[in-house]
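Scrolling down, you'll hit the structures one after another.
Note that subunit A is present in both complexes that follow, paired respectively with subunit B and with subunit C.
Take a look at the complex of A and B:
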């Protein structure tokens, strides 16, 4: 470009001389830039495999085979046999989730820091994740059944005259939920615990706090938000229980959980709109429980638990 | 909180040792601390000073030795029953508690009456001048303020001993100076007995009544700041106390309080520290500020021509590096306006040049050996 170029041409060639920054810079300030495309596969995945089926099901639940848009919901809540599945499921999922979280805390607390054999213990505690519900159910049937080892030991020790019934009822499903849910809860609680600076407890010790006071006043309050999150996740896992309710439970009676009701509507009565409505009810209940827990969580201290405070 | 009751007249560490696996982190620390004293444990990282502090606090069990508070043995007590206050390097404030609750924590653990807890916590907060921040969480405070909370939390219990683990190392230079004064002020006004761990010799010299210099888990020297400053016990301590010039040399002759040493034809006369016989390997040490710079002139004792190589501006003075004709590098400080390339004469007062026995294969230019390193450096193994 020669020095004799006319002024307008130079202005056009140079960057826009506006007082505001270039639009690319302004977008980048807000985190909008080329790297955002890396999110595309995940967004597509969620759209195709979650959002689309969800909204399809939601739409379907308002188009019952007969009656108005809400008649399938009315049908579910009007029938005490169907409505009762909500309490059955909550009766399994809430205690199971609570026990998973509560049992994880002391074990994870003991497992902080380094010690010999930590890896082995962790593997033993986590291995049920790899088994899957069907294998767990199989094992429970063998182990806790009327002629299983457990009952044979009890009878051999003369503790009981006839086998204790622990399968094909509430307890079978409950044990199965503990076995499959505990490893998740344990791993989560362990990672939350490792995020708490161990110096805090040492500081508490130099200030005169015994081990229980240290746990109750320092570690537990910092761990509570993590426990709330862990509870939500294990609750959701337990609430959608299906295979073990059928295999080690009593699917026609005391462990007729809500997912069985949805399954029967869909694959025994071929009433997809009704099954969708039940699935929506299921989702709504999970949402309510999680909202309550997370609302309570906001009242806790959720900031950094590192040493610098 | 107007002057604490010391609770003891002396604290005695008797051969305190700690091993980690096969590694000695601290070997046979003997130290008697008088009530009201300010002791600094000083040394490079890995020297065992934090180990010693954690042993005192009860956070690490001893491998050998014992700790006595007058006639009461305390090393067998858990930390919560020792009643020592501790300030941690990262402050370790409880992030979910307000400043007030942090300070009151120890009082609450002692189940004191509610009124007394409130009164004493408020007093401690006033002492560290954080009244208007009392309701905030630690995360809302600056580093210096968090530091002050940590100190208030430790001293509110009027502990018989306060342990401080490099409390200033996370602060910037200006704040560090301010807090240093504050710590000294608190120590004096409360009459606290303090053990302070640091790797900063300046901090230790300015704060402590007595210094304990550690290296590779062993005590090198215990003494008041003046002694350590002017008369380090060996070249390791000298290295740590600001003797930047440490030259490996060989003793030529020793006549009482004067030793003549030599390296590559460069001869010096100095003051021996310890026994030195002619022919011994020695290390000659001098502080940069004790090297005098003059115009090149006639040859004299301890005077050598040199050329200035590097000059750093340091306000009133210049820090410079010079090289003598014999090729020895000399660090010096001077208020003369020297420039790189200047020919000068350097001279050292024989009283200021300390001649240490060279007790190891190590050389001062090499970094200090960590505790895992060469066993040859341990005094017991090499004569």
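Take a look at the complex of A and C:
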């Protein structure tokens, strides 16, 4: 490469050629500069539409309508009604994400081989993801409602005497997080599991390991980094729950999640600095949890790969 | 484990011990797993089915099925919610987002796949962030900025907001596609005298077409289903179908439940058509996220 780059320097220093040939020559020789311009629209776009709004919001959150720079944050953490939204959100998102990931593992473990109808199962699982939370909420209102099919079945089986209350409370939102989150987690775990070489497990079997031992000491350590990533992505989805918390939950009470608080500040009180402060708190909490998981993930990964080697 | 310890006595024939042992233990576990899957699908069927049945039902109170069946809620919904206009807006928004995100994303993906330059890791991280963050977190500051410049509340604001997760998504899905293409093909084209533009249009574009189609469809599905960003930036005449559905649901009680259901069914069928189209071109896991995949046997 060094041989090819030296000629243009002498060409540029030499007698001026016709500007057209000169330009073409430079483009052909130093494609670097020309090609990097291709990145410009995307960089400009990210700066204008993502970084600028983000830092604008960050700056805005320190310029409250009244009080010192931190007074909006103090207002949020000082008000127990607002502060409680953090625990409400975590109380919904953490169990839902954990359940989605943990339930996916045995099911994906069983389905990792080839069997008839595997493609059908995966296609059916994609359906709730594409439907989105709004439609799921509408379906849950009909299905889990006091006269819905679910309660009818329960009462038909004599499991309860009166309808179980499953909507407009914690459980409605929880179920909507499971319905949209489980397929997501499952498909990710399945693709991580099929990425693990099955001969490793067969080797363990020849050494006399039972299925539980094989799973626990061979597959699980290799799967753990994937599980951590899946947990993060599922958690992000569950953490920003908004439509279902409003529609199937109880948005004034037990499912008043932090995104509802941010939305109300922005669109009902038109207090943009306060809304930005809440959004920043939301982002910070999420980043903390994700970085804890990812930090643990690096430990897991080095540990298991060392053991394997 | 209790079953395993009970077996060796019965395991008299000279079969290898590994296989029958695995099968006997696996059986109840398999039942449990399949039971969980079937239970999940039954509930899913109930969720989607109850919306479908209700949208065709005349009256449905305390019975298993509605009293009678009718299709009048569909025409009701169509007129009440001005669905024609909403669908046109949805299509406009999603097609604009798809086109723009491909235009912006594909060249960037090309540079990121082919070249190494200072700050490449930082660029990657910045492109990854909008996908990792929940839409509400960056959506509220973004909507504030868009309102400040008078863009929000119109089609342009909705398109701009939806571009934020779409462009990184295109970049992330296209980069592996581009890495697959042999760089010698481009070098050969260059040697034959092709400029950057003709390398792109006549060599790379035909080779990248399947990849671009796949990521276009993925972006389309995501944009039609994207609720939060559209919700935060849309005005009354720039609502997409999901947002219109949300508003009609949160104002429940004013209108008949069934016409909201009818609208939900229209939305579902639109998504299902897109899904069927998408699955012809992409792997189901790609709809979820881009994971490094091994070729399936």
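Note that the second predicted complex is superposed on the first by the 257 of 309 C-alpha atoms of A that agree within 3 Å, B and C clash if a C-alpha of one lies under 4 Å from a C-alpha of the other, contacts with A are read in each partner's own complex, and residues count from 1 in each chain.
Assume contacts are C-beta pairs under 8 Å (C-beta built on N, C-alpha and C of every residue); 3 or more make two chains touch, one makes a residue touch a chain.
Everything numeric in this text was worked out from a predicted model, so none of it was measured.
Contact with neither subunit B nor subunit C is seen for A:87 once the two complexes are overlaid on the shared chain.
Within the superposed three-chain model, A:205 lies in touch with subunit B and with subunit C [touch as defined at top].
Of the two partner chains placed by superposition, A:270 touches none, neither subunit B nor subunit C. When both complexes are overlaid on chain A, the residue A:70 reaches neither subunit B nor subunit C. Within the superposed three-chain model, A:213 lies in touch with subunit B and out of touch with subunit C [touch as defined at top]. Which of subunit B and subunit C touches more residues of subunit A is settled by the count: it is C. Shared contact residues of subunit A, touching subunit B in one structure and subunit C in the other: 205, 210.
Those residues of subunit C that touch subunit A in the shared complex are 1, 4, 18, 21-22, 25-26, 29-30, 32-34, 36-37, 40-41, 43-44, 46-51, 54, 61-62, 64, 103-105, 107-108, 110-112, 114-115, 117, 123, 126-127, 129-130, 132-138, 140-146, 160-161, 163-164, 167-168, 171, 190, 195-196, 221, 225, 227-228, 231-232, 242, 245-246, 249-250, 260-261, 264, 267-268, 271-272, 274-275, 279, 284-285, 287-289, 291-294, 296-297. Partner subunit A is touched in their complex by these residues of subunit B: 57-59, 78-86, 88, 90-96, 105-106, 109-110, 137-139, 141, 143, 146, 153-154, 157, 163, 170.
Contact residues of subunit A toward subunit C in the complex are 27-28, 31-32, 34-36, 38-39, 41-43, 45-46, 49-54, 56-58, 60, 103, 106-107, 110-111, 114, 121-140, 142-143, 147-150, 152, 179, 182-184, 187-188, 190-192, 194-195, 205, 210-212, 233, 236-237, 239-240, 242-243, 246-247, 259, 262-263, 266, 272, 275-276, 278-279, 282-283, 286, 290. By the touch criterion stated above, subunit A contacts subunit B in their complex at residues 197, 199-200, 202-210, 213, 217-218, 221-222, 301, 303-309.
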